[in-house]
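There are two complexes below, and they share chain A, which is joined by chain B in the first and by chain C in the second.
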Partner chain A sequence: MMDDFGINDIKHIFFNMEVMDGQWGLLFFGLWVTIKIAAVSIIFSTILGLFVAIVRIQNSSAYNLLLITYLEFCRATPIVVALIVVYFGLPFLNITFSPFQSAVIVIVFVHTAYIGEAFRSGILAINKSQTEAAQSLGLNQIQTYQYILVPQAFRIVLPTLANQWTGIIKDTSICTILAITELLKAAQIIAAWKANPTPLVMSTFMYLLILIPLTIFTMRLEKNVRIKK
Partner chain B sequence: MVFIQVKIIQLMCSMIKWRNKAITTKIYKYLPNLSILMTIMFFVVYGIFFSNADWSLFQEQFFNFEKMRGRYHIFISPLILILKISFFSCFLAILIGLIMAIIRSFNNVFINGLITAYVVLFRSIPAMVLVVLVYFALPYVGLNLVSTNSVIASLSLLFSAYTTEIFRSGINSVDRFQLEAANALGMGSLQSMRWVVLPQAFRVIIPPLTSVLIDILKTTSIAYVVGVPELIARARQMEGVIGSVTPLIFVSFLYFIIILPVVLFSSRLEKQSRRWSKN
Partner chain C sequence: MSKQLHSEAILRVIGLNKYFGDEHILKSISTTISKGEVVAIMGPSGGGKSTFIRCINRIEEPTTGQIYFGDLEVTGSKNKICDIRRDIGMVFQNFALFPHLSALENIMLAPTKIKKISKVKSKINAMALLKRVGLEEKANNFPEQLSGGQQQRVAIARSLAMDPKILLFDEPTSALDPEMVREVLDVMVSLAQEGMTMVVVSHEINFIKEAASRVLVLVNGEIIEDGPSKQVIEKPSHQRTKEFLGNLL
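Let's turn to the complex of A and B:
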């Protein structure tokens, strides 16, 4: 099967730059859409996750019950299913989201739960005397969070947070199932048109170009945390 | 929300000059519960009486189980298929991860570099991209995989990176003196791995392994893209036939039922292991 292929054939099939002539525009447009989805989702889910964490730390049983249910729901629901329900299901109720909106909504909804949990553990890891000291200095609750707890929690949480951000960027590729021309979809369109897998390989390289530095950064951070302990 | 409601109550208390501290603290204690109850009540009342949402339409489109009657058996074979895919990819991922971690523990610099590169590569490639690449690009070089097999191959490649890391941290967590003691007893490196290190490492390994299992179960749903006849594909077909979204809701419910026990089990395990590590 494989043995009648030489190195030149593989180069001709997977790295055929003639196929890509004039197609880079569409591929870079896809990359831009991917980056847009990822950036918006990262910003929103980080901010919302912080709020979820702060609400959970208040230790009110009703809010906790609600948010734990939400967390378990998010942990047990595949993103594909959620995307399909939001994008193909909700229009039956006359609620229509554009593909971009539904992608962002679903990704933010799912990842907020994880990021909230990360922030909660980060804030809980800070010594309690810090809060007391802040209160004795006369800071109110919001000021305590703003100046004392959140900056420190951010440093503790950074490895987990970077991991989640990587996850968000990866999950943008799932949005191919919607009618949105993000990187993978653009590559698939070109590959189907030219009957050659080079665009798929190129799009993979683009993903890796973004994600490998992030992964290495995350792994290094994790190692640092382990050593400090 | 909590802050705003607390502020409002504070304002009210100060306005009526309420000095009774016991009652005030009691109100403070139950305030969040009360406020969330009120918020939910507000949304329910608003949704039922004041918004112009059409709830009969909602019921008809989303929970129309009359149309589903007699069609449930269609979901049995995709359910089994999904469980099969996740079982095989989990098995392969654990196998590859275990082998790589053991090889890595021999501390050969060159091979360790290769394994690290493998881990970084597969930790950073999105699952969707890999599945599409394996299914749509490999046939050009004559490597035709059935769609199910391509999903199994890519999932086991992806998650073997995670399991490698997990097994490695598990092996590292075992004290080095144990290895030396095993050597002193005359065990070879593989023997000491099998009888001394791995049994102890499993306590550390099991909780993160269950979360990998959850991830695999969730990621099987992207098999939809390469045309595996799994739950979502069947649901979308049926959605076209009966003209209602109920199959999709039913399928998400099915996923939920499959994954939720694993999720609860894994969070309990995590709590347990945290307790162990404290002691």
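Let's turn to the complex of A and C:
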């Protein structure tokens, strides 16, 4: 009897579908906003990360010091603090971004640092003879990166990259501190209004809805790579 | 050496020096290689053979000295080096095939991306080259799926795809199992017979006897012997060469 009661209780609190009546629209709207922020952030931070890695490998002096400072700064700054600075702080300097822009800027800023480091170690892991073979064929530096080093580095860092992408999707939830109704914010609004945490549980499932396809996608990529090797 | 008098010089090395830190690896090396010559470079390890051959297409940066490829200065402005390298093929000890590309794609990459030859045309050319090295049926295999000897033959085909005027071989058979050495050497011998100018760092004495027209012996960064292969191998003039050859046989 006690067990029965317990389970019903859990159901009533965390999986109360009556609470969700008429609320799915808002939750799916939030999901869409989250997907948009994550997609834009993933694309930009991956491209910029690659760029940072190459600049760091190619230049040894001033650029490097600048980039290392940036990397350390990113590692040390909580992402929420960065968001507060960009969204609430910069307007004092007459630089104003929309909540969406602020979110993307901060996420890209922080994750570019990590993705850049991943790419850098990936490129450095490639045997030097690959560069020499490319050079001896007459490929210039850009072509060597484009056709030889980057494709190989990408294969090496793919698992790390998938981790970072997952991290980006979860980091979109920092937007709850802004006036932007992404998935978690939508769930919070409904939960507060209905005084029931079910929407938060549902939002968790929706994060899974994004993460599972991403995981399948990266697993496929990795498998493809392995066959090709 | 007499051969050079009546044929066209393709490569001239003048006073080439290379230092690694304080170590003097190449000591003022000068030599001329003529069109159609097959020059073998021999010598004990650490003598500077690899460094020398890598300086020729400047994947190793010479410290001082000049290298001319035809009329072009390899050691001149860095801007032109890519253009010069297109005509100087190189084959490495560890093959250095691109692991993310199939054998065919390895061969097609440079012609399509650098010379902008159409895919169809360069594929026909690449298949012909694969046939020539006896690996037609391996066109779609990736390097990992090929034996060392097969990889090296693909690497030779990859260099040939750019129609080089000279081919450099840096110990092409040293990383191979003994039974695979022959298949690579056969390809090299046939190239030599077709008149390809080649510089080969190798200790394969039979190959040198069979295909090389000239031997340079490099010891401690200096050319201590330079002459027709038969003469150098059978009647070396330098004591150090005799010792070295004695160890090989």
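Here is the rule we use: the second predicted complex is superposed on the first by the 202 of 229 C-alpha atoms of A that agree within 3 Å, B and C clash if a C-alpha of one lies under 4 Å from a C-alpha of the other, contacts with A are read in each partner's own complex, and residues count from 1 in each chain.
Basically, a residue touches a chain if its C-beta (ideal position, glycine included) is under 8 Å from a C-beta of that chain, and two chains touch if they have at least 3 such contacts.
From a predicted model like this one, the values you see are computed outputs, not experimental measurements.
Shared-chain residue A:133: touches chain C; no touch with chain B. In the superposition on chain A, A:40 contacts neither chain B nor chain C.
Look at A:93: by the touch rule set out above, it reaches chain B but stays clear of chain C.
Once the two complexes are laid over each other on the shared chain, residue contacts for A:203 go to chain B alone; chain C is not touched. Of the two partner chains, chain B is the only one that A:13 touches; chain C does not reach it. Of the two partners chain B and chain C, more chain A residues are in touch with B.
Of the two partner chains, chain B is the only one that A:170 touches; chain C does not reach it.
Once the two complexes are overlaid on the shared chain, A:58 sits against chain B while remaining clear of chain C. Of the two partner chains, chain B is the only one touched by A:85; chain C is not.
Chain A residues in contact with chain B (one complex) as well as with chain C (other complex) do not exist.
Residues 1-3, 31-33, 36-37, 53-54, 57-58, 61-62, 120-121, 123-129, 132-133, 136-137, 140-143, 214, 217-222, 224-225, 232, 236, 239, 244-245, 248-249, 251-252, 255-256, 259-260, 263-264, 267 of chain B are the ones touching chain A in the complex.
By the touch criterion stated above, chain A contacts chain C in their complex at residues 127, 129-130, 132-140, 143, 147-148, 151-152, 155, 225, 228-229. Listed in rising order, the residues of chain A touching chain B in the complex are 1-2, 4-5, 9-10, 13-14, 55, 58, 60-63, 66, 72-73, 75-82, 84-85, 88-89, 92-94, 141-142, 166, 169-174, 176-177, 184, 188, 191, 196-197, 200-201, 203-204, 207-208, 211-212, 214-216, 219. Residues 54, 57, 59, 82-83, 85-86, 88-90, 92, 94, 96-100, 109-110, 113-114, 142, 144, 155, 158-159, 162, 168 of chain C touch chain A in their complex.
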